[in-house]
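The same chain A turns up in both complexes below, where it pairs with chain B and then with chain C.
Let's look at the complex of A and B:
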């Protein structure tokens, strides 16, 4: 009796080849832009043409001088853009997690129907077109009477980041049994104390992953920020865009390499925290 | 010995469902009370009301005469062992046991002393610094008990804490738990669905069914004198036989008068409960006055042998010591007469609750 192969590889044999081919195309599409940026940043040429004919570190030097020079050529200086990017990222990170810890607790412990509808509500910014979100936030900000300062960037970033942070906190919260909390209460801890002593430490992996996600998303955000930035309140992606929109300046590529490195470190950190021992790196 | 905890007409509704229907129960100081019943009988709900994690819909809890019904759980000063044990996974064994002491503001030195003392009591002195994830099932069990006892609780509450253990370990832990309870002299309430566990641990057994107490009392008394068919059945492999009252006030079993008398009016449906080990087989049926039956099934359980005998209306379970001579050539299909040990038979009305 001949066996009928259930897997294509048992019948044909080209299955493995196909998978490798598709995976290869995927990797090339995903990694090629980054690879090109890294290669270009080491170019010695004055213009950004690929592939570069010679290599040097001159654009890294230029990138460094950008930070030290005081020139404010119409737009904000790169140092100010970087520091407000960092400030926005850090505030968004802290605030979103501070809001999501009690929220995740309430949703996981609360009624099931409430949880499902709230989860949907908090996921909306994910599916909403970013351009529309940007316009909406701009309309709101312009109709307000008072000056928002840096908060005109922080608030939209918070909305964007919340679904990710909430999801991480909730999945961590789901693994904490109610009995563990009740055990602390039965030993004399007030509900708040039990939350701080038991729930928060046990949620730690989710909280840390949430913190990093929040920072990465905020630090890389462009679309909404493009609507919201002002001369005084801008971020690094906006600065880089305005710098390259007229002519491609290789020094921004050198900066990009820094940003890629920062993101890479954070992604590895997320992987370590979430996957634990089965992490990739 | 005075009354420690008094539960007065406590009831609990979850929406339309009545989980507890007016429970009255007095628990004596220093006693070990077991709430026994099948799942869904309300025993865990009652324990959680005592602990304060659920609020009773009506009724009162009096602890030493004071109403604690409105007291939040963290102010009740009870120690509880949960079904899942609920050890704190991010703390070491010592930190787990010391947690309640820390909340009570004990100094580090006193805490360490008490932890060492308790680890000695549960005979695990060397595991203080281990994470709880590195413990075996029995060790976790002991740590959970030690954590609850460390705070010298007013009441010691246990929610089926032994159900996750394998049979052998459970047996050992039951003995240990009973010894610990006596050593600490703490009033204890344990919830279980395992009748052997309840029989072995309890000073007072409370049998529950559908949100009500069926029967309460000393385990031996309930075992010997179950008040109704449910209790009789729940407390072991009993035979519950349909019987009826005759005109002369005698209990009839499949039409045959027995020695038991009843004051129920003639024709009342009755139940006769008899333990499998209290039935004797007679191989000369024509000489016997007992009900007749046919051997249906024989199984050897080691020390004892179980025989199912099919009578006209029901199948009677008989348990004899395996070395009983009658067993040597007993065959399936053989006719036998059944004789019941009158001492251990209980008769009650079929509608008794």
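Let's look at the complex of A and C:
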């Protein structure tokens, strides 16, 4: 048992106390909002007073009825918002991963200079202010006057998820040795076949993590969609925003718990797939 | 060169030369073809960046027409400068708080022995960055709002008579910024901690250094490059925050993101918004470049 280290196992005194205290504060700040949403969603009361005097599932029932009725509420119904959220997420995830697999291959196998400049290019969306992107995409969409339909939301989301997808694909690609595909090629496979049959299957963990990352980011995106949405093309976060802009309805909390659960499952899946082989971002 | 002898189907194991030839062929023709799909997908983003740059120097506030720096000149008004100052202040304060919380959190996650506890901690820290900001703002409103958990508890205990205003001011926005950007600092610091080897700390302790002394003299200097780059990312992320001040600031805390949007939504001053956005991008770029310079300087010093 070591008496020294980043976190001493024995003793440690004031150092260990402060580390634990600050880490505890960090965990509380990170988790408190989600924890209270989960608790309040089970409340039986109309008001949002804490702690709830009684618990019930009534808000979950209300949330479920939202999906079946709510056709004539003027704005888009929750079912339509959810389905366009899912559609955008699925298209974004498939397209971004399909584009990033060959890119990751070219960058890892290619020259250093190409790799550095491309990596920089595909990291840009990460540091570019989302408000600016939202406004810019809105301006372009307005001035083009095209009927973009659901692509209004898909195109901006694609730029947003690329940095995450590329990073996952590249870290998977890095672990594949050149010799494996060269063996296939020397045995008579065409470079394309060697790529599809040897490299892509070996990249599977990175591809899976990229797919989930792309979906989860698109599914939770708020800022750009806030500028780009129309009455017909909207997503679940925007639907929730327009519903709760004046007051907070407990049935929205039940809906929020569903979303938290979806996110939780997907993050755990990514964490398991990556399993310490590379950092999350 | 005996390469041609190996054309067709070789019956023996490939010579190294063959592999080199295949790669050379690949390098010459394929890279751009392989990059093409991703480049196509990112083109709208690049177009959007250039479009904003062009719009910010337009002579007309509602359309791209002619060249003028009028939009930038008009930004020099008290309301916009106040926004810039507020943005810098909140981003800097939140970065400091995030770093103070992220070091202990990273230490805790790195030193946790049990894999499942480590996973729980990772997920709890990561979730706030991923999860839709709207939902998190519901949580803060339930917790800190006028009828929220903390105010109710304090009133019932008789400590306060009227609810404290914890949200819809700078404090609420600061809390939201800290929460959503915490993972951006924790994960880079976790990888930075790999360089802090147990031997260094044991050596220091063997020479009589206290736990605090070895933290200040060994751990912190080794973490410095990681701290600088994590801090600059957090700063850039929080300076461009939009959803947090919109949802938790109640429109009273006008950070740059909100100021830019207000130029569009009630005022239709598109070129002004574009110019304001360029100012924001300039601030972020300066911070990132400065931090890169700091990191390279400190690592050069470390070597010499």
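The definition used in the following text is that the second predicted complex is superposed on the first by the 262 of 281 C-alpha atoms of A that agree within 3 Å, B and C clash if a C-alpha of one lies under 4 Å from a C-alpha of the other, contacts with A are read in each partner's own complex, and residues count from 1 in each chain.
Convention: contacts are C-beta pairs under 8 Å (C-beta built on N, C-alpha and C of every residue); 3 or more make two chains touch, one makes a residue touch a chain.
Everything quoted here is computed from the prediction, not taken from an experiment.
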Identify the partner contact of A:109: answer first if only chain B is touched, second if only chain C is, both if each is, neither if none is.
second
Could you look at A:202 and tell me whether it touches chain B, chain C, both or neither (first, second, both, neither)?
first
Going by the contact rule set out at the top, does A:19 touch chain B (first), chain C (second), both, or neither?
second
Is A:135 in contact with chain B, with chain C, with both, or with neither (first, second, both, neither)?
second
Any idea whether chain B or chain C touches more of chain A?
C
Touching A:191 in the superposition: chain B (first), chain C (second), both, neither?
both
In the overlay, answer first, second, both or neither for which of chain B and chain C A:183 touches.
both
Contacts of chain A common to chain B and chain C in the A-superposed view 179, 182-183, 185-188, 191
Over in the complex, which chain C residues touch chain A? Could you list them?
6, 9-10, 13-14, 18-19, 22-23, 25-27, 30-31, 33-35, 37-38, 40-42, 44-45, 47-49, 51-52, 55, 100-105, 107-108, 110-111, 119, 121-128, 130-143, 145, 147-149, 152-153, 175, 178-179, 182, 186-188, 190-191, 193, 196, 198, 201-202, 204-205, 211-212, 214-215, 219, 233, 236, 239-240, 242-243, 257, 260-261, 264, 270, 273-274, 277, 280-281, 284, 288
Chain B-facing residues of chain A, complex
177, 179-180, 182-191, 193-194, 197-198, 201-202
Contacting residues of chain B [partner chain A, same complex]
51, 53, 73-80, 82-84, 86-90, 99-100, 103-104, 147-148, 151, 157
Can you name the residues of chain A that touch chain C in the complex?
2-8, 11-16, 18-23, 25-27, 29-37, 40, 47-51, 95-96, 98-100, 102-103, 105-107, 109-111, 114, 118, 121-122, 124-125, 127-137, 139-140, 155-156, 158-159, 162, 166, 178-179, 182-183, 185-188, 191, 216-217, 219-223, 226, 237, 240-241, 244, 248, 252-253, 256, 259-260, 263-264, 267-268, 271, 279-281
